[in-house]
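Pasting the structures here.
Each of the next two complexes has subunit A plus one other chain: subunit B in the first, subunit C in the second.
Moving on, here comes the complex of A and B:
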């Protein structure tokens, strides 16, 4: 008999109205990030704004379209755990490349010494010595 | 009564929770699969910042934007399809999943036009790159562009197949208000495909 108390809980997490609001928010945020990309925010700012908007959109999809809002803990924990590894997998290689001895990165990368880079990009032999 | 319950589960409710957990574990591996490509994108974008923004500007942003809108809308129709089956309206779920597959087709056709444009302008991966950007930045961008959008497009195709099979079975009455977890899991897969595109769009087209 206790099954009858559980039954409404499974049907309660499907709200057409909620889906409509989330869809409208996702559409508005897509338009916003598209619009913001036309005004060039210098440096890292543009990347940060675009990724922040994408994270808000992704959170809306995961919580409401994918029902994590009403899911029990273990199912939420799976996605959260994978996001921890996403953070590690993206930041550690970046930090590695950012802190390397410059010549350990590709010679035509922007981290390489300018004269070596110029020589490669202009297809000329590198200068003998400064 | 519950012929859908496997013998090792006490109830449909418990079976449903196990199915959801299994699906989420699978989705976590999918997230990490794409993360490997996003990490490569991050590293090479750091190493070739100017080349990447130059290559990114050469893309048709409106196509990426329209495709974002198309996928977000298809996610909405899939969510409404689940809502319908929970209310016992199986035919409506079948129609809404069909509509989602049509939106997936729109996505793939736009993607095809984009690829055609890149092929015609020799914007190809690796040693086949013949575009205007000097050095290896341009070819790196298009290697990652084709890997990320190609793997994503493959997921769209798989998702359309899943929606087609589950949508047809729902139409035929295999699932219903009580036994709706397979419909929910098919939706989860499609939402993940949408979720990944939500991050692909700004990374590749906007910044």
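Moving on, here comes the complex of A and C:
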């Protein structure tokens, strides 16, 4: 019963050549990731580069192997919206966690766990709050 | 088929979905027809509504006096948990989208069925399975956590939380499957002539609801599963005594459950957009604004969940952020309200039963919405948090609005679904009882909350008794109203006059087909030349509801 008149056609069959090119690009990016892992990049740079490459690879998979390249705008919007909501779910609770204690606790609260741990290790009573 | 079938004689369609391909029970239980699946959802959700309503009446009777009236404290805790779980997961979330949405959406887009009919039937059985598991848990021992299952209590209580969590988890799959089906149907099965800008507003809102169902429900499933794991195996996820974070549970839970409010209210708005045009005989004012505001509510609704956590240990910074973000929902809701009111302006208004429910909806949405804006203000919320003020607020905005819209939908589309008219006079009596009963049940609860009566308490000081008695009296009127509706609706199935294809003279696409509709929805596919809310060229506005003494003031 579902074989009804369709609205705009959304499927465009693609040539195998396109998949080969994308596959080659993915392989090259994987090799690049491995190559960069052998080079020391100081600070956060290594992670940033690896994440950038992974993002490009993920985008290629979504666009070509998952056919988003051939889809009309609304279908691409569905994927982008999903990504936005995953980011939302992760970001705001993390923001809560990052801002919860410094705003809620007294100024010396950040060092309290360390001081308590030291006191336990030294077999001494936990330090009283000043 | 004519685009204006208003003048068609009232004929009961001989071959329709009720008798095609067969009439036996097996043909219903194995049907792939979206209309039958919609009807099965409607019947099932109405049964659960009756069960949830019975629990509500027992709660109200218990609260007639301070101390024990008809049950002990533990039974009371279980009772309000059952009431919440049944009403939210088994009635309000599925009722309009899965019931009316299934019946109407494919017809409104000119399709023969939804995109995945088998998945649609599976959705119904998954819903039944989830409902039975949850109810089994309730009968087996029940839970005393409230429908929110807050940790760490829900992971340490000795009551039977896990089966109910499992039931809610399974129910989520039904919700996702239905939402997925609707989105694909709207994208791929629109008939020629039905462009995005000619979609009925009902479809736009159901589409927005489906987006929320797909995006948010998996988070609830994941969260409930984590609670069940912590409860069963003692893993430290949310329990601080085991290294977990209880506030994280609330983040996860409300990431779904606040948008779930919009899963309930957006379909209600979907119904209202149809009803207001049909009974005002006016083009919808601001079609695009109403349509896109549904998507706006669906989107912004995801940014507001933290206002449930103002007093739960969430950081002050986050509380401020969520307080501001929560206000934005009011903007999109106000767009809709202004457009509905503008649609009525200078319209040829007909006070039929669905329109009376629309007026009730408007009142509850406005009153509940404004108290919601107040509750989203951190300083005020700290005073009202966990009091009856919150109970009254969400019953007005979420339950009141949704039930008004559900009843408006039931009366508006009853002729389409059954082919027969209900008694209009009794319809108005039922509507008056329900609207007034609802107001008198929950208005005293605003006052109780403001005076400090906490929610979910079995006992209360004597000074609160007068308002509690008033609330229970209101609930009794409400219950009588529902009974009246049940009686005349059932009577109309056998004795109601034949409705004909379009008893309201509506321009909606679903009224272009006979009542009840044929198996594949249209005998001949209409051209869909006009929009579904265009009344500007309607000659001599005249509704033709049989036996209703129709006229438009």
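Operating definition for what follows: the second predicted complex is superposed on the first by the 84 of 130 C-alpha atoms of A that agree within 3 Å, B and C clash if a C-alpha of one lies under 4 Å from a C-alpha of the other, contacts with A are read in each partner's own complex, and residues count from 1 in each chain.
Going forward, a residue touches a chain if its C-beta (ideal position, glycine included) is under 8 Å from a C-beta of that chain, and two chains touch if they have at least 3 such contacts.
Source: prediction; values computed, not measured.
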| item | value |
| --- | --- |
| Subunit B versus subunit C as contact partner of A:95, first or second or both or neither | second |
| Which superposed partner A:47 touches (first subunit B, second subunit C, both, neither) | first |
| Partner chain(s) touched by A:62 [first = subunit B, second = subunit C, both, neither] | first |
| Which superposed partner A:81 touches (first subunit B, second subunit C, both, neither) | both |
| Dominant contact partner of subunit A by residue count, subunit C or subunit B | B |
| Subunit A residues contacted in one complex by subunit B, in the other by subunit C | 3, 6-7, 10, 74-75, 78, 81-82, 85, 89, 93, 97 |
| Parts of subunit A lying in touch with subunit C, wherever the complex brings them together | 1-7, 10, 74-75, 78, 81-82, 85, 88-89, 92-93, 95-97, 99-101, 103-104 |
| In the complex, subunit B residues that touch subunit A | 11, 13, 16-17, 20-21, 24-25, 27-28, 31-32, 35-36, 38-40, 42-43, 46-50, 61, 65, 68-69, 72-73, 75-76, 78-80, 82-83, 86-87, 134-137, 177, 184, 187-188, 191-192, 194-195, 198-199, 201-203, 205-207 |
| For the subunit C and subunit A complex, residues of the former touching the latter | 32-33, 110-117, 183, 187-192, 194, 211, 215-216, 219, 245, 247-248, 251-252, 255, 299, 302-303, 306, 313-318, 321-322, 520, 525 |
| Complex interface listing, subunit A residues touching subunit B | 3, 6-7, 10-11, 14-16, 19-20, 22-23, 26-27, 30, 33-34, 37, 46-47, 50-51, 53-54, 57-58, 61-62, 64-67, 71-72, 74-75, 78-79, 81-83, 85-86, 89-90, 93-94, 97-98, 105-106, 108-111, 117, 120-121 |
